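Look at the two complexes coming up: chain A is in both, with chain B in one and chain C in the other.
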Partner chain A sequence: MNMKQLFPRGHVMGFIFSMVLTAVALGVVVYELSFKTGMIVLLVTAFMQAGVQLVMFMHAGESEDKKAIYTNVYYALFIALVTIFGTLLTMIWGYQ
Partner chain B sequence: MDYFDRFAVPHSSPMIVGSQIAIAVTVLAILVGVTYFKKWGYLWREWFTTVDHKRIGIMYILAALLMLFRGGADALLMRAQTAIPDNGLLDGQHYNEIFTTHGVVMILFMAMPFIIGLMNIVTPLQIGARDVAFPRLNAVSFWLFFWGAMLFNISFVVGGSPDAGWTAYFPLASVEFSESVGMNYYAIAIQIAGIGTLMTGINFIVTILKMRAPGMTLMKMPMFTWSILITNLIIVFAFPVLTVALALMTMDRMFGTNFFTMANGGSDMLWANLFWIWGHPEVYIVILPAFGIYSEIISTFARRNLYGYKSMVVSMVAISVLSFVVWAHHFFTMGHGAMVNGIFSVTTMAIAVPTGIKIFNWLFTLWRGKIEFTVPMLYSLAFIPIFTIGGVTGVMLAMASADYQYHNTMFLVAHFHYVLIPGTVFSVLAGFTYWWPKIFNFQLSERIGKWAFWFIVVGFNVTFFPMFITGLDGQARRMYTYSESTGYGPLNMLSFVGALGLLLGFAFLVYNIYWSTRYAPRNVSSDPWNARSLEWATHSPVPEYNFAIVPEVDSSQAFWDSKNNGPALFKGKYKEIHMPNNSGVPFILGIIFFVWGFAMVFSMWIFAIIATLGIFACMAHRSFEKDHGHHITVEEIEETEKKLRGANA
Partner chain C sequence: MKIDNSLPLEYSTEENRLKILGFWIFLGAEIALFATLFATYFTLVDRTANGPVGGDIFEVTPVLIETILLLTSSFTIGLGINAMRHGSKNAMMIFFIITLALGAGFLGTEIYEFKHYVHIGAGLQVSAFTSILLTLLGTHGAHVTLGLFWGTFIVLQVKKRGLTPETTNKAFIYSLYWHFLDVVWIFIFSFVYLKGMM
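Showing the complex of A and B:
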């Protein structure tokens, strides 16, 4: 058994990713970005963060239920996006 | 005494005083009766603490029937009030309260629990499981629903009913325009019941995904189980939106926030938006299980395989996705531009496609079938044409520009009753009659059942068809009266006559339960309808463990195949069965939630804090509890099986 097998590569990568994503999100406040840019950065990092947590720490892809879990995740993602952007569409963008 | 003034009803009338007395007398009679007949121990051991999915299902259905009569009484009063022009039976305020509670009770406390009750009883049996994935959580779900419903129902005798419509639109639902505690009841009671429903959703998704009998792949599940899987997916994704919206509403009403106010950056229309993001999927939550029930019944009594299994599944998945992208059609007149209304018009009309596929599949299943006109089948056959009228008028409403004419008229009221009653109500009555012998080991009388069916189906059409006409003539919904010169009088009277017909129909239904319980022949076979899916493969009544041996399946109607020289379902020998233990904690948790809700409604913070601690205490108890369930030995199984086989020999 060599070091490569013992080293928890996924976990360390996940840890680094989540730290970087948190730092980027924090940047929105530190560098006082405009509302629009700030929200876009937060939205993107939030979804990536959720993905990192699901895949690297909650082992979404490692069991026999891989298919069911990912189907659920995609469905949830679809509905979250529809709810958010649909609300923006009906309440702000499409409102006369 | 000032402290107790808050419990007074602000708009009291002789009718409400009468109800107060009647409720007090009934509660007292129940308490005295149960004590006199020494049934507390029995109730506690067998029902209040049960985690058995079948018993929980029965309790759901009992509660739903109770609520059917509560909501039905509201409906009759509304029809009586509008039967003649300028009627003085109810005043405006009382009428507002009644249409509000009618909507909430019928959707959330009648349709939902009836469907959840049937899915509790049937789903684990259809997939060959011994219980749901989380039996204790299932009990928590039921008791949260039950005490939430009770909290909502005491509103009209303690403190005042909600009166802003079941949609509770802001700003009408704000403290400014609804001063009484009525809308607090709405926010809190639905919240409690909604948490229970959300847990049910998670529970059944896990059950169906993880606990199917060996060999039952997803595409070999019975259609009812498929519909339940999709329904619960919608529940899990739609209910959190309601939870959040109700929490914001509670904050607005009790703590002075401004989410839905017209000032300080709030948006009243945001409520309508959030409400319908939940509300439209909710419509499909109550209709998809109906599609599942009809699929089972039609294929059983047409004696044919369900036509187009794959397209049935695909169309349900399509409906579940589309159900989340149509919500703005509930407020086409709110003032968005043509682009938004156009998008939501198209998505709404698109739903007619998968629904149409299902209708044709049922028709093709019936085609050249040997149709048997039993009561469940009669409801299913009546459903197809009546629901189609509801669906077609739905497409009319989906046209945004035409909707400006139909919006908030009786035409809309007629439309949604034409989908919800043949869809949900007929289906639960059909399912109730169909699965009754599985639960109680005797059939409901077909003769009385047919009387009930004809009164309900004719009464329904006489009640609601006239509304299409008065609606197109301009009669607005939720108006407590109208003048004679409008000419709405005769058709509204006809509606009232139809409502009396419905009343008679439901009276026959109750009489049928009474008559059949006393006189119907016992010991019918465990498969009285010659049906197709696994729930009919075990004994009636179903033993605690459902199946002595876990069945092995290799088609979507394995039981039918095994009856017709297919492979045997049950192979191997009895093995010890591991079952969950009963627990009183879910029941107690439900009561604590009731107390918490009551304290919140009346802003009695000290009680609310104490009750909150109680809720956390219950959860902590569960975390530290050591509960390994119990085992049923092989000897016990043999004995039970022998007894049940004897009963059905």
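Showing the complex of A and C:
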């Protein structure tokens, strides 16, 4: 195998991209950002990182089970968000 | 066993394809597991009793080392799977061994970090905050520990049996697990450490 086969462009780009996203996320502690701005930056970088892993490295869409896999991931994500924000709603934020 | 040669080896039989789908469903359950831990963390993060808050105990350097090690290991296992698909057993094994070494480096740093927390008075029983912090980090760390053993056995089996539909399938599923741990770490890095230090 030559270097080009050993280090395919997509993987290298994905890696560089994940490092850049980490550096951007680190910016929230380096620069004095408001809590709200910082959280928005973190949410964007974290979910983009997850996307890079899922599509670039985990090959989520390559087999004939693509639809089942994505449905499963979206469903799990839905459960995760309901669990987290539902907990915050009942335990921290409250409602009236 | 019907082998479809138009697909990568790890997908080449129906059983293999279904095992990969099954593992994705397992990862869905893992997402739910970590969601409950994150939910508990966000609930208890301010319940620090007389103990420290996150900003007092978190340090950028070890956390950044852990993040870079894990992100790089996720990259190298991706390269390992790529080499496997090119049929290069040696390149695949080298990338897997590098991945395991990086994973061990991550775990070593995390163990140091835990020791440090206990040392500075942020042990498991200090407050609700330290309990859930160490439970969340520890659950991830336990997954990494398991992954190191699992990966070692994968490497040994590939060395012994070569690249077959079975071994490639196992290696591919293991790579899914490893990438997943990296994703979980990204969320810990962002919403535990960086949020705590902000």
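The rule we apply is simple: the second predicted complex is superposed on the first by the 85 of 96 C-alpha atoms of A that agree within 3 Å, B and C clash if a C-alpha of one lies under 4 Å from a C-alpha of the other, contacts with A are read in each partner's own complex, and residues count from 1 in each chain.
Throughout what follows, a contact is a pair of C-beta atoms (placed from the backbone, for glycine too) under 8 Å apart; a residue touches a chain by one contact, two chains touch by 3 or more.
Because the structure is predicted, anything quoted here is derived from the model rather than measured.
Quick check on the chain A-based superposition: chain B and chain C, clash or fit?
clash
Please work out whether A:M91 is in contact with chain B alone, chain C alone, both, or neither, and reply first, second, both or neither.
In the superposed model, A:M91 contacts both chain B and chain C.
Quick check for you: in the superposed arrangement, does A:T83 touch first (chain B), second (chain C), both or neither?
A:T83: touches chain B and chain C.
Now for A:A68: first (chain B), second (chain C), both, or neither, which partner does it touch?
both
Scan A:Q5 for contacts with chain B and chain C and give back first, second, both or neither.
It touches chain C, and chain B stays clear.
Any idea whether chain B or chain C touches more of chain A?
Looking at chain B versus chain C, the one contacting more residues of chain A is C.
Give the stretch of chain B that clashes with chain C in the superposition, choosing among 45-53, 117-125, 189-197 or 261-269.
That would be 261-269, the only stretch with clashing C-alpha atoms.
Which residues form the common part of the chain A surface touched by chain B and by chain C?
After superposing on chain A, chain A residues 65, 68, 72, 75-76, 79, 83, 86-87, 91 contact both chain B and chain C.
Tell me, which parts of chain B touch chain A in their complex?
209, 233, 237, 241, 267, 269-270, 273-274, 277, 321, 324-325, 327-328, 335-337, 339-340, 343
Tell me, which parts of chain C touch chain A in their complex?
7, 11, 17, 20-21, 24-25, 27-29, 31-32, 34-36, 38-40, 42-43, 60, 64, 67-68, 71-72, 74-75, 77-79, 82-83, 86, 88, 91, 175-176, 179-180, 182-183, 186-187, 189-191, 194-195, 197-198
Which residues of chain A touch chain C in the complex?
These residues of chain A touch chain C: 1, 5-8, 11, 14-15, 18-19, 22, 25-26, 28-29, 33, 35, 38-39, 42-43, 45-46, 49-50, 53-54, 56-58, 60, 63-65, 68-69, 72-73, 75-77, 79-81, 83-84, 86-88, 91-92.
For the complex, which residues does chain A have touching chain B?
Spelled out, the residues of chain A in touch with chain B are 65, 68, 72, 75-76, 78-79, 82-83, 86-87, 89-91, 94-96.
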